[in-house]
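To start, I am sharing the structure in question, which I have written as structure tokens.
Lettered A, B, C, D and E in written order, each chain numbered from 1.
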């Protein structure tokens, strides 16, 4: 959220590794160092959670201006006005202490090195030799800090402590207690963010065991976030477990499209297969979290039901065809219709660019029957929005729909009366999601349908075109709070899949409606020229975190609470 | 698990000692329950959690932390053998062995999580304890609340209690 | 320069070179006006004498070459680009395939280049082992160069004799590295293993037998008038030209330039060994042949010195943070396992900076230029391939010669396309 | 028509050409491979049959079964003609070679011409057409080079070849090869004048020009048959395969066979002229004259002796090939014209002088 | 110190080619007789004689997976070899070991482990980086096949080549 209207923050001078910096008063030392470009290693600290200071990895040397002994002259400031610092003999943790004026911090001294080395050695004493089977290898803080700060070789000669392994603590999560380094991030997450405190440490001591209470499960809709914040491989996702090594994954910044929230995600893919989605920090949308439901909603991308080739119905049976053939058949059928004999049903799951091309198509086909299928569901008190279409806002803006679904009834009536002879259905499964029936669609002369998966509507359509799914296209969407955000392509679609805007472009062209556009950037350019809200924007200007576009009055419950906690100084944020 | 009304009353009273946060009452409540039932069952933990408006896991964390809390039922006579340095040097391991032998206790299933072993007849249970504060007179052990120093004859000791 | 000159012919090499240059110029001038069509002949890329896939576009007037243009790149694999996506140690197998007649020497040169970037220096024994590798590679490469050279002028049997000796070198390298050809022996900061038991004995035996073979080849060729006819005064490269075209290795020394990286800029403790740098006098194909023959003898002498005085001790740089830990540790120790994982997946933590390291390889100075932005992968890696540079002189040296001389000159330049095209 | 003559000639042709020379061609290839292998410390073909003796059959079968490719860019007629033109002259020349004395009253020569050496040279020089045509008809640069080179090479060396045997003809005074052999049988071989007339002073002195003749003759035969160190027309490291670069399968085999046949005939001629042909040394078992009857087993021995000598000479061919580098084209021409030609002429004079002054 | 190579000056008779030629013939003849005598030939008669006896301990032949004394497949599909393989010849798809398996505690094993032997360059990096002593380059150098498909060694084939290897560290027996 913006900084406007807040009282001016008092700034203090602090010295970090010999250089003086100005930071806001009350900043945690670790954050002050981060702002100064010095990374202090840490395990338990997480800016979105409270700081228990239990991992001891972030130990730094601290000093304050020396106070003169009685009778001594007060120390003289140097030419820059800084007082000499007298260093404390013992290190302090940087995560739970805040800065004070003229404070000195040393992160790279012999003492801090020795501390980190010692902490690393202790952490590794009972750590199992699991790297070869541990999913965290490759993004494991333990590995990274061990190499950066730890011993090169092991001095440990004893038996390691045995703890429970491969524990089923919830439907989506597996726990390995031997790997746990007791940072308690997961416990704090379930306590503070997810409000489902089922995790805890039992048998504290050398046998400290992370566990859920007997009979309970870590099953809330945000449980997989604990896997993300686990700095080691103690918590692993059943879904991603053993699927792919993270060092093979290509990371693409994109959006979750399972509801209108538009959580920012990173898609991890290898060779055109999506392996996981993880939340990407965006403090205006999803903080650093996302729901499990949205996170796991990508498996259909590799489903056997994926449409891979354009299909044309010949004698009641669908046959694979080339794109050119499918577009020709479609444009001929659509070209025969008079104005307003065609209805266009687009989707709130389409990107702005696709919706814009749909709008073009509607005007080329000269039809007023345009609508999207509304999808409403339950919202929760965290991130999940009631609107299950990721881009309803965009559809309203671009297609000029006030109330999604209103025109659908008229279209159904038109079909029943025979006024509407052809239907273009883009990325929507009318029969399953909008209550249409196969008989209804059968009455039409021609039904064109694009969709990623085989579905009953496709069965009833005359031409079925394979449309790309969310990870396979570029474009933009507007979430429920009116924020314009960008999707990026992580994988190539299977077979001959095309993005919907490309399909619609070809259709428009075949219907004689203008020249081709070859880049999604150009679509956006034309969109920006025609729709006033987008004026002056381009895809690249949206940036990786998006920009607020329209005001819808919606808020994010989870973010509101986070702001509150930041204001109270409980977390850093 | 049925908590008797008078016990609950006593517990309620103890809770009132902590007006700021009921959470602080967790130890007294647990002590009261263990005193009554002899150990803290899972139901007891959950009862406590409900009583103090806590999550059960938070209570379990406390229960597992203190060796004074037992999670399984002990025998009628619970023996604690000191194993801290001076007793250990004075032969607490041997004492444990002879006690087990004479009480017919099998300690092979004892683990960190379940330190207590109970005899077949349920008469005796035994566990190691840390310093019982009589280092000059080891080996030392306690049977229920009775304190025994310089224990040499395990059979004789147990004989005093055997029904 | 010292040595007896009683057996040396022709008093003034410079005059001779000038004479042959003048002859070419004259020929070109006198034939320029003649009416007649010139024949453009594509020699290669698949041609027996081009030792791989070199293409020469020759413009011929009868059998005489008037213009020659080498066309390289048929074996281009983009090694330098591949290197930008390979960890330093992952790239070692690719160096096998540069000068594939001397993979061991390539391995060593590459490892030394990266070690220069890392600022590492091998222990004495490691260096001595690398000297053995280099000199074995030199002998092996020169043997092939010699055999192929002889085969190009028709003496097929010499090729087979030299190959027998190469076979022994292969056996040795198999014993040492586990592979005959694609040795991949070095790692940054060391080599994959110490000398195996019995290796030195085999090497000593090879040195003795090899010299016998070399004498035989000497007898078959050096005083054979046919061979002399074919090679003397053919492909003369003057001292100045050799320097101007950046030649290196035996080709440079054949032209009388006393430059050898092992002497000029010693690495691997080469200054410890007593050896001579043979140079030619006239810069013709025969001189280059003689220089290679002598270099092999010198290599044997170096090998014998190394064997006589092989230091004990570790062979590798010891750095727990930068070198893969011992396998036993990886299996049973946490820190070692973690370091193993990070080192494998992230590679060396090389400092930022750029280095160039050139080593005296059989074909000349093989140089690696590494530009590092830090981390396990080079930002840029360029290879100065001696064969590539040596071939650049062809358009200068070929015109005026006869078509049959092409094979002799190519043979005497002794290039490898794997390295030239990389 | 003399039927008896016809039948006997056919028997001789079949016996010599098809049952002897052609298998010898095949086996000289085998010998070439085995000997070169031995020289190079290898084994050579040893898999097909005992010691690889069936290898030539396998090779032949392979040649026949291989795809017979005619490239699109060639001049077809001449391209097809060339291999035949190489093979046929080589086989034709063996008509005048006396491969034995007499058997069953028949001279062991197919055509007992009185102009034997001339016939050989005349026919052998035809084989250059095969190579020239192959080089030209292939319509490709490397064969073209090969063709051009071989033309000039063969023509050049024919001169010294011809001149080198002039001294012999001066001595023998006949052009009938049978009589030349008969003379040597009685009076010492040209290179081994150790009995009969050879023991005379003149005979001994003549051995010097004869040796020179022999060297020139042998060298020239090497050049004529395109054998290393004179294999410039094919010269695989320069011209890929010279004139037969574009040939495959049986057509290639014909070139191959032609070369070896020429080598055998060359050896036969050398043996006949310089090493006493079919005769044994020291006049053993020598018939009195070319017309005198000899027992059949003598005839058989003579045939054996002839082929033994030829085989030895072929081995010499092979041995040389695997020991030497090859010349450069201009060096070869210089050698032929400046060196051998002059020496051959001088040798004629020398012989004449010896014959004149040391009667 | 540089030495100038000695260039032979031919005597007049050597200019006549013959001495050099005869010397050369002498050398080849010597080799000929040595070979015929049976001591010269260095050829190995391949299918009958093989390198096997000559191969050194660390010979880098076909990469293969091994099982240990307890018949446990040692590979846990950590995919380090797949990562390091310079020509990208290795493909691994991991899977979880079912809980009823004897070695369920190892948790992970390869479902698919393929090495494309057409790509493999026998560099030995896979063996070097394996943290489980599971992949070894065996003394197997004659790898042939009639199709590309045949040249892709799957898990069964790899275990067949690799076989059982004893004397390895068995850390999964509660040692770790």
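Keep in mind that, in the parts below, contacts are C-beta pairs under 8 Å (C-beta built on N, C-alpha and C of every residue); 3 or more make two chains touch, one makes a residue touch a chain.
As the structure is a computational prediction, the values presented were derived from the model and not from experiment.
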Chain labels contacting chain C and also chain D: E
Starting at chain B, fewest touch steps before arriving at chain D: 3
Label of the chain whose CA centroid is most distant from the centroid of chain B: D
Distance-to-centre winner among chains (Cα means, whole assembly as reference): E
Whole-Å separation of chain centres (CA-atom averages), chain B against chain E: 65
Intercentroid distance (Cα basis), chain E paired with chain A, Å: 47
Between chain D and chain E, centroid-to-centroid distance (C-alpha), Å: 51
Separation of chain A from chain C, taking each centre as the mean of its C-alpha atoms, in whole Å: 55
Junction residues of chain A - those touching two or more other chains: 129, 131, 137, 247
Where chain C touches two or more other chains at once, by residue number: 157, 164, 220, 224, 226-227, 331-332, 337, 340-341, 345
Numbers and ranges of chain D residues touching at least 2 other chains: 39-42, 322-324
Every chain pair meeting the contact rule: A-B, A-C, A-E, C-D, C-E, D-E
Chain E-facing residues of chain D, complex: 35, 37-43, 319-320, 322-324
Partner chain C, residues of chain D touching it in the complex: 36, 39-42, 141, 145, 228-229, 231-232, 235-238, 240, 322-331
Complex interface listing, chain A residues touching chain E: 128-133, 137, 160, 162, 165-166, 241-245, 247-248
Residue ranges of chain E touching chain C (in the complex, touch as defined): 1-10, 14-17, 19-21, 23-24, 27-28, 42, 54-60, 80, 83-84, 86, 121-125, 128-129, 131-133, 137, 169, 171, 175-176
Chain A contact footprint on chain E (complex, rising order): 76-80, 82-83, 94-96, 104-108, 131-132, 171, 174, 176
